[in-house]
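Each chain gets a letter, A, B, C and D, in the order it is written, and its residues are counted from 1.
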Amino acid sequence: MVGNNKFIAVIGGSQPSAKETRLAEAVGRELAKQGAIVVCGGLGGVMEATCKGASSEGGVTVGILPGDSRESANPYVQIPIVTGMGYARNVAVVKSAQAVIAIGGNYGTLSEISYALANGIPVIGLKTWSLSKNGKQDNSITIVQSPAEAVSKALSLAVNQ
Amino acid sequence: MVGNNKFIAVIGGSQPSAKETRLAEAVGRELAKQGAIVVCGGLGGVMEATCKGASSEGGVTVGILPGDSRESANPYVQIPIVTGMGYARNVAVVKSAQAVIAIGGNYGTLSEISYALANGIPVIGLKTWSLSKNGKQDNSITIVQSPAEAVSKALSLAVNQ
Amino acid sequence: MVGNNKFIAVIGGSQPSAKETRLAEAVGRELAKQGAIVVCGGLGGVMEATCKGASSEGGVTVGILPGDSRESANPYVQIPIVTGMGYARNVAVVKSAQAVIAIGGNYGTLSEISYALANGIPVIGLKTWSLSKNGKQDNSITIVQSPAEAVSKALSLAVNQ
Amino acid sequence: MVGNNKFIAVIGGSQPSAKETRLAEAVGRELAKQGAIVVCGGLGGVMEATCKGASSEGGVTVGILPGDSRESANPYVQIPIVTGMGYARNVAVVKSAQAVIAIGGNYGTLSEISYALANGIPVIGLKTWSLSKNGKQDNSITIVQSPAEAVSKALSLAVNQ
């Protein structure tokens, strides 16, 4: 079923704007078309829109949940992972992916971006955080302008680890 | 892909006896035939034998790994979840399942049995631990004698949570 | 403050019997008298009784909490560690200790006993679980009959790791 | 021992500049003078300098370690918490504090800043990350210019949770 398919995480907030929702759904569709498996935090908002998009193209979706019940997963999660570990599950979302696409997002998303960069996992950003330290811009996030470009970059930068 | 399929965890040691290995492979085959999705800790021994059995019947296998790399997964894991959390991942193995089948096993397996019982997730035991407290037998583990019986019990006792 | 003091975990249920509560308080007092630092899960029952006993003798108490708030700690916890990780915090309770004293307890306690044994950390048992596998008794838990004996064994068996 | 003392986390990289090291040690000294308990990740660099400063003034230091051994703690950690959970321990570092002081730092530090902000725990920044989203500056980090100011702000903003 899986074989050489790539695992790509899509991260973002649970209360996205309408535009972020459309971007997420388009990213999900494109990932599925390219044969990638979607990994996410399993809840609503960007996570749900991505899973919905992927499912509409017959893709596989994995949701790594913070709580104690699979029933908290959005309806498009096919493989719910129930961690019971709260925000600590963000580490697993990122580590289970070979590249990460960030769409919008709040501080939870920023923690996932941080974990990915700390682990050498490429981060592709669509309308998301940008970082600087001591007044100097950090360019570790690959900025893109469209869902197609996000998926293309994610697949080409994906690491094996 | 998943739909109403049940998620069943198979737990056991990484250095099983030849008999435990045969039992695990048979449990994996039977779970796949019944349409269940196998959840396990993703490494060798009982985990690998179960995934091998399930894969041979076209089943889906999820491996929730303790370490930092998907490359530690056995070759029959289709969905590797990389937690980087060491033994704490045992909680996620159990919580991601609706019933647990324990085959042999050491103290790591016993920790998973404990978590399952603490969470109201049924445990079916094949040649595994038995428990007593203050001299009184604890009968919470459903003891079975064969892989077919283990799978049948797991599917009939599986909870929705 | 700490120096060569030993860290000893005391584990047990949140709804102990009156006898277990008395044992736990006596264990806490004795640990403090011997200069050991008490590590526990930070909540009520055996955990609270142990911290109460240790505090009454001027001892130091560490509570590693499962939830999101220090306010869930019992009033005798001096150093509350807030993990937000649910049951996965049991791993940290055990790993932070050089020996573990188990008093009564349910499946959560059994998971901690399992983790300790899996990690080579000595477990001393007072009215707690006993284990067997495939009909053969497992004697890894050092059984004792009194709080004084529990503390004496814990301090003499304590590992450096 | 603890009573009404505040718990303040100090976060930062394991390979700080000489200036960051001096800042961290001064922050540790000042926290101890004010009666605060230092929480950190327990390793080297900023973590060690902070613990060294606090210890020199008789303060209490807690180190929440990512690995499997207390021996990885820096020599100034008095209460080592051994999690075995890798980066997931960053959540516990932050949640165990009532305010966080960030000094320099890399992506691990950024993940801790993110968790703190996600949980409503105040973050005080000394020569550390700054954030913007969609081109708009995020001012959630309270920027300070000196160790004394960092400690003063941390103590005045500290939350009870």
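To be clear about the criterion, contacts are C-beta pairs under 8 Å (C-beta built on N, C-alpha and C of every residue); 3 or more make two chains touch, one makes a residue touch a chain.
Bear in mind the structure is a predicted one, so any value in this text is a computation, not a measurement.
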Can you give me the shortest step count from chain A to chain C, moving only between touching chains?
1
For copies chain A and chain B, the superposing rotation on Cα atoms, rounded to the nearest 5 degrees, equals 180
State the chain with the largest centre-to-centre distance from chain D, centres being mean CA positions.
B
Looking at chain C with chain D, do both copies bring the same residues to the contact (over half shared) or different ones?
same
Averaging over Cα atoms per chain, report the distance between chain B and chain C in Å.
29
Between chain D and chain B, distance of the C-alpha-averaged centres to the nearest whole Å:
40
Shared-contact residues (touching 2 or more other chains) in chain B:
68, 83-88, 91, 119
The residues of chain B that touch chain A in their complex are 1-2, 7, 37, 60, 62, 64, 68-71, 78-85, 88, 91-92, 95-96, 119, 160-161
Hey, which residues of chain B end up touching chain D in the complex?
68, 83-88
Per the contact definition, I'd like the list of chain C residues that touch chain B in the complex.
85-88, 91, 104, 106-108, 110-111, 113-115, 117-119, 127-135
